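For reference, the structure I am asking about is given below.
Letters A, B, C and D mark the chains in the order given here, with residues in each chain numbered from 1 onward.
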């Protein structure tokens, strides 16, 4: 099995998942495949679709990209996924546990019929619930938190699938955007704080529930509205129904979606991601201006902020670093002698634009700092006279427990040292991050309001809006399965 | 996916499974792979091994032959299956449901730890139990009857895994030879009637529990004894313990194991399979002698009976039909124009031994009669003057519900017509089957004793020793899963 | 076999090949694999490496990308390519003939030893030479023009491999950059007009000959100089020797390398590709300015020209179109119902930056015009008020015969209609191409000098610098091989 | 790539090839695939088919078995091989050089059109001819002797393909059965001594030329006659023509074809292979009778001789050794600890038939003696009281140079020691080979006539009927190619 995350991979946080569901079209699976393709950035390790024709369910789940599982080489696969409704999922695995049994959608034959489920987010009390369920005789097949929901539904004594789902989710803590499929309905559900994104779209008579608006664009569907925090949507042959079955909570959307996760062409929570990034870049220029000859983005994620920075600062924007787009899932494994190559497989300095120049490098975030160090070294070797790094987010000091893959705290550069120390390690002449208030200003707020925090910004501040039951109960490292697949 | 059963495949009944377990050697998985290789004839569609090191379990399960999954091309697979104990399984799927989720050993993380299980046989009340369990919130992952056992264990309130297993098996009807693996013990278990074979072997300090003695020979292990009907064996670090936790029942070993299923070099229930087949052939010659020039076996399964027949009748034994041993899992798919080839892909007449001769063809059984018809036609085209067919089993008139893949009754030739009609359809000058009493005589009995039937011979007589609960409850066609995998 | 060119692929001309050779390092093959990875943009259909240890030659050639053939999944492949010298090749097939026998490097066992050869370019009298050679008893194995060179070498009576190569190349017309490997030398050769690029680099004691400087950067090698038109370089244990064995000719480097083929971070013929593209954009803004709100590149190839245009015009540069970088070799094959998707698999409008705006779209060239039409439609659906298209090259009116895959003339939009008609077809409010003199000005020339044309610009002007012998002899469509591989 | 010959493989000589050609049916390729399947025993490493529709040629050549390349998983492959005539080849590689470039049929585009060629046999002056051709500028693509023929045809100045082929073959020494395909004719050719088999068959209006009659049986074709030594057959739209273009020579058919190579159901040179083997067994019983309880064949190749021996000796024939037919191309690779298993992967003792018995083991030949030693050890461990080995061929003392893979002389057990010494090494109570005259008697001759030797028996006698030019010229070990494929 190919490692899909390379040792030279972006030093970035990774979103765990993207979800997509559609109801009411004979092309349900084909549309889902396209939607997942547009959401590929939210998870590249595995993908799956389950479709239903009202009686049977057809599934394909596989490791790898959407195109590999549902693309030109796999035409028959989509053709076999017949049905008028379908849901799909892209997965980014947090733990290296990429076994096929963890690939979503999960599916179960309940007493009332088949049921499939996709999840973007992370449950914070899944381990405790799992222990209780195993003690009661439940057999878990996966190591995902999502399977806990499936067993809670199975054991519910409620009559309808919607009531069982509500009963199950009332026992669960965490961040989640769920898309579910029964033989007669598509169900969407967002956690009470609305940490992860979920939107509603429409294409002709079909409804779509998905993570980002770019998945609507690809199939020519219209954006209807965001699913609200705590809202449960049921779409069936009779139309769309909305429920709010949970206790209300503060709206705390993940601000990192704007910084890095979401696609720049998406609209999330009513705000253009590209515009937000440009605004952050402009704010950053105001806060931490420096004299220079060129503004150079670290491609591709630093580009919008660099465009904003350059325009605000009145300094020319130049592609001083070129990205090799052929580095996909496979890449050159250098021999020992050429292992120092590192970052060059993916990036190359555009020497003619850097030599002799004072360069402002703009990137979206710094996690471990490894890539930044190599990029700066490469820019200096290309002849840059000065290198100033500007980061379009505050220092990332805390781990995320709500569905984002973050290293343990001690591996976060900003959790271990001051900005000055970081500048020394990375090798820049100056380093600046946007301030937390600057970030909120760029988002259109006057400032971060500590009394009524507008976003989830726990990775910058440690203010976790949802209880971390499993972590605080000391279960984080518990063995989830005794079985390892040899291949 | 390649079809592993071809349209030209032997017109034979098929055993569903072979099992193997070993405890107490660092090479547990390698020995298991070899044992499964020796048991390949008991199941060719899928295979799997689970090994344990006392804490973790390592597994590989795959479609295809043992050599494809654990052979030279898969060296690393065996190497990853570390542990001092292992169990393995070869599967012949009855229903075309060859999905990977059905491949054994099944594994579950129970409250008390990991547990793996292999099964040869068939439970006759699995569907009714399954319905009850689903109603209680159990989620089934496979469509096999074996998973029912896993859930019964999970829900047992007993303290030890052995007690839980006993409680589970006391709720179950059917024929079974089970081999199970916990983190500290290998467990073998045979149904109270002893329908399916299970033996105990020893290699140095290690014990082995497996289906046939040929799996001991391949690793140089010694045969110790048969596991007794209703016996439960527990092998752990303290040695071997034997229990008889079920109500005693009549010993009714499957007589078809001698006729076709078992390998000729195996000893089952203390009798040499090859010797039994020769004795059946000799008895057949006595019962249904006919003047002829040559005795010709239908290769390969008809050979031992033909050797016995020829010796008893004093007629020369000749290889009048040659088998092409390169027809393995893949084979030539003829175009429409050459589709009439049929049996010739696998067999060819040895014309020089047949032309002008009176030929006695010896085969082990007739199921649908399709292959027999083609073989006879080929022998006649090769110039045989007379063709007399002698069958080393009584007419197969009833389906098996104890772990053997039989067609529905209406497809069994002998269920639809008399021996005379069969002779006409197949195109022979004479046709004779061994009598049921002749068969028992060949097995060393004076005759079949209707008061105390010595074997399970239900496929010939319809005398089913174990209740057929599901069948009689009308559940045979129930939908076992709403989910189909698209690839 | 996967189609590597999709129906939605860029409507672009395609370079046929990239070449790389290195001499004098134990890591020759690993460095070559990295160099080819950096040159992936010059050919994505097949790739190959031949290395030598001074006696034997080791080869791997395969369809697909460099990473697929020499990346992480193919570690052993590179390890087997032992030797102190190696050459490699990326191929873009012009005709759909992607058979493995055409994948370079070609190799032959000559009387004097082994010899391998890679070619970027196209011979214009290869078919006539081939006919003569076949008549003399030569057996061709491939359908490539490159094999003609191999047979000319084999039949030469000269003593040394260099003399034989020179004799062979003196019989050949066309554009070529060759890299060859004998058991003791690396040889580089560029055609007398210098149409295709070839450069010399150095890494420690090793010399490198390759197509572009980005292939030096990836292995940390230094750029030494361009190989001169008509120059033959021999690198062996004694160092570097330079020969000029051909009649001198006008320098006519392919100007399209600057417009589209070469990587923006490469330096070719002493000029930064990125800087050239920006200068073209700036010149275009001067020639064809228009009032607008935003300058939007068609990503990725239009970006540098758009940066230049925006800066020169003083109009904001915005990423109004987002490219999905996960569209690699495989992609979603829509069903009939969703086939209208077209361009959206690869691009999406950044609606927030386009709605209500007057947009200048900047692209590098228009070939058939199919993609442009879809992009413009997408930009208009996103709400753009006006759409003005500016093209960073003159109208492409003629086919290339020097190693670039161009459609037949009648499929070139600019060969069939005026700029006004093109604007109507594409659906823009205005359309302008840079003038041919403007293009030369951007390249630092006062203008195109018809008396001493500085570049090969045949695709814009029809001025072909090298005789088109095969084409004029009417052989273009001749059947090159009677054999088709069924898989 | 899987090794297709295993370390535990039969200790046998190996035929190098089987050939098949058919002319005059729209199903030419499908019939060829079936014919090759019937000839699988003549070569298992690679296979190929070339078909022609009168203008183009379609080919598939691949490593592995016929079923893997043209079977159910490769349906499309056969469908693409359209044409009214086809030839095909199974290859057993002698040297480990299993590269795809050596897989036949070879094909060349000659001046007069396409031409494909298959060869069973070996040329004894191919290396000397190859050196001359390379000196003249020929480029060899393979390391096979067969390619020499292709270049000789290419350089011939004769007008027709038949005349060119005759001119080419007049320069060649060796044993050969050729089947060739031009766009309008199927050509068959057998060397003047007739060492290798070649027969003519007919199916409706189509003619077939192939190695053995079993390839006719599988498609229902009739045997017409053997192709005569030195005969060249041309089959085209006008029918069948026969030529004898070579100087006449002694008929010296390979007697080992009867002993081991040919399939028992084939008729070669007018004699039933099965009947010949039985006659050899009977003769062996007469020459070297011994008191014993059972005659046991080493399966499968020893079976016919054992049947003959048992009948002649009046001792019961028993299957005392059972072969596991699931050992195909892949097999279990034991770990170090279980490597002593050796022969048991393939064979198992049928203990019940051996214990306490005096056993006559019958095998066809002894090459290195390794397998025999292990078989005897296994039979003794099963309790045999005495073990007498009888071999149905004289001692194999010389290498074959006519198309059979033999070890170097020093590895042939019988070349190194006496029969008594061999008996000690193998561990038998007695060992006897059939005498050379006994072998000829079994073939129906009064004795071997030293004045007019009736067969090629060089492997037993060292009497080589065809000059060994390359060997005597000392070229046997010459490097045939400087290129190795890394995968």
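Simple rule for what comes next: contacts are C-beta pairs under 8 Å (C-beta built on N, C-alpha and C of every residue); 3 or more make two chains touch, one makes a residue touch a chain.
Keep in mind that what you see is a predicted model, and the values were worked out from it rather than measured.
Think of each touching pair as a link: the shortest run of links from chain A to chain C has 1 of them. Comparing the centres of all chains, each the average of its CA atoms, the largest separation from chain C belongs to B. The mean-CA centres of chain C and chain D are about 50 angstrom from one another, to the nearest whole unit. Chain C has its Cα centroid 62 Å from the Cα centroid of chain B. For the pair chain B and chain D, the distance between mean C-alpha positions equals 37 Å. Residue positions of chain D in touch with at least two other chains are not found.
With chains as nodes and touching pairs as edges, the resulting graph is a single ring in which every chain has exactly two contacts. Pairs of chains that satisfy the touch definition comprise A-B, A-C, B-D, C-D. Residues of chain C that touch chain D in their complex: 50, 55-60, 74, 76-77, 80-81, 107-111, 113-114, 134-135, 137-141, 150-151, 154-156, 183, 481-487.
Chain D meets chain B in the complex at residues 2-3, 6, 26-27, 30-31, 33-34, 37-38, 40-41, 44, 65-68, 70-73, 75, 78-79, 214, 217-220, 263-265, 267, 272, 274-275, 300, 303-304, 307, 311, 316-319, 322, 324-328, 330-335, 337-338, 340-341, 344-345, 348-353.
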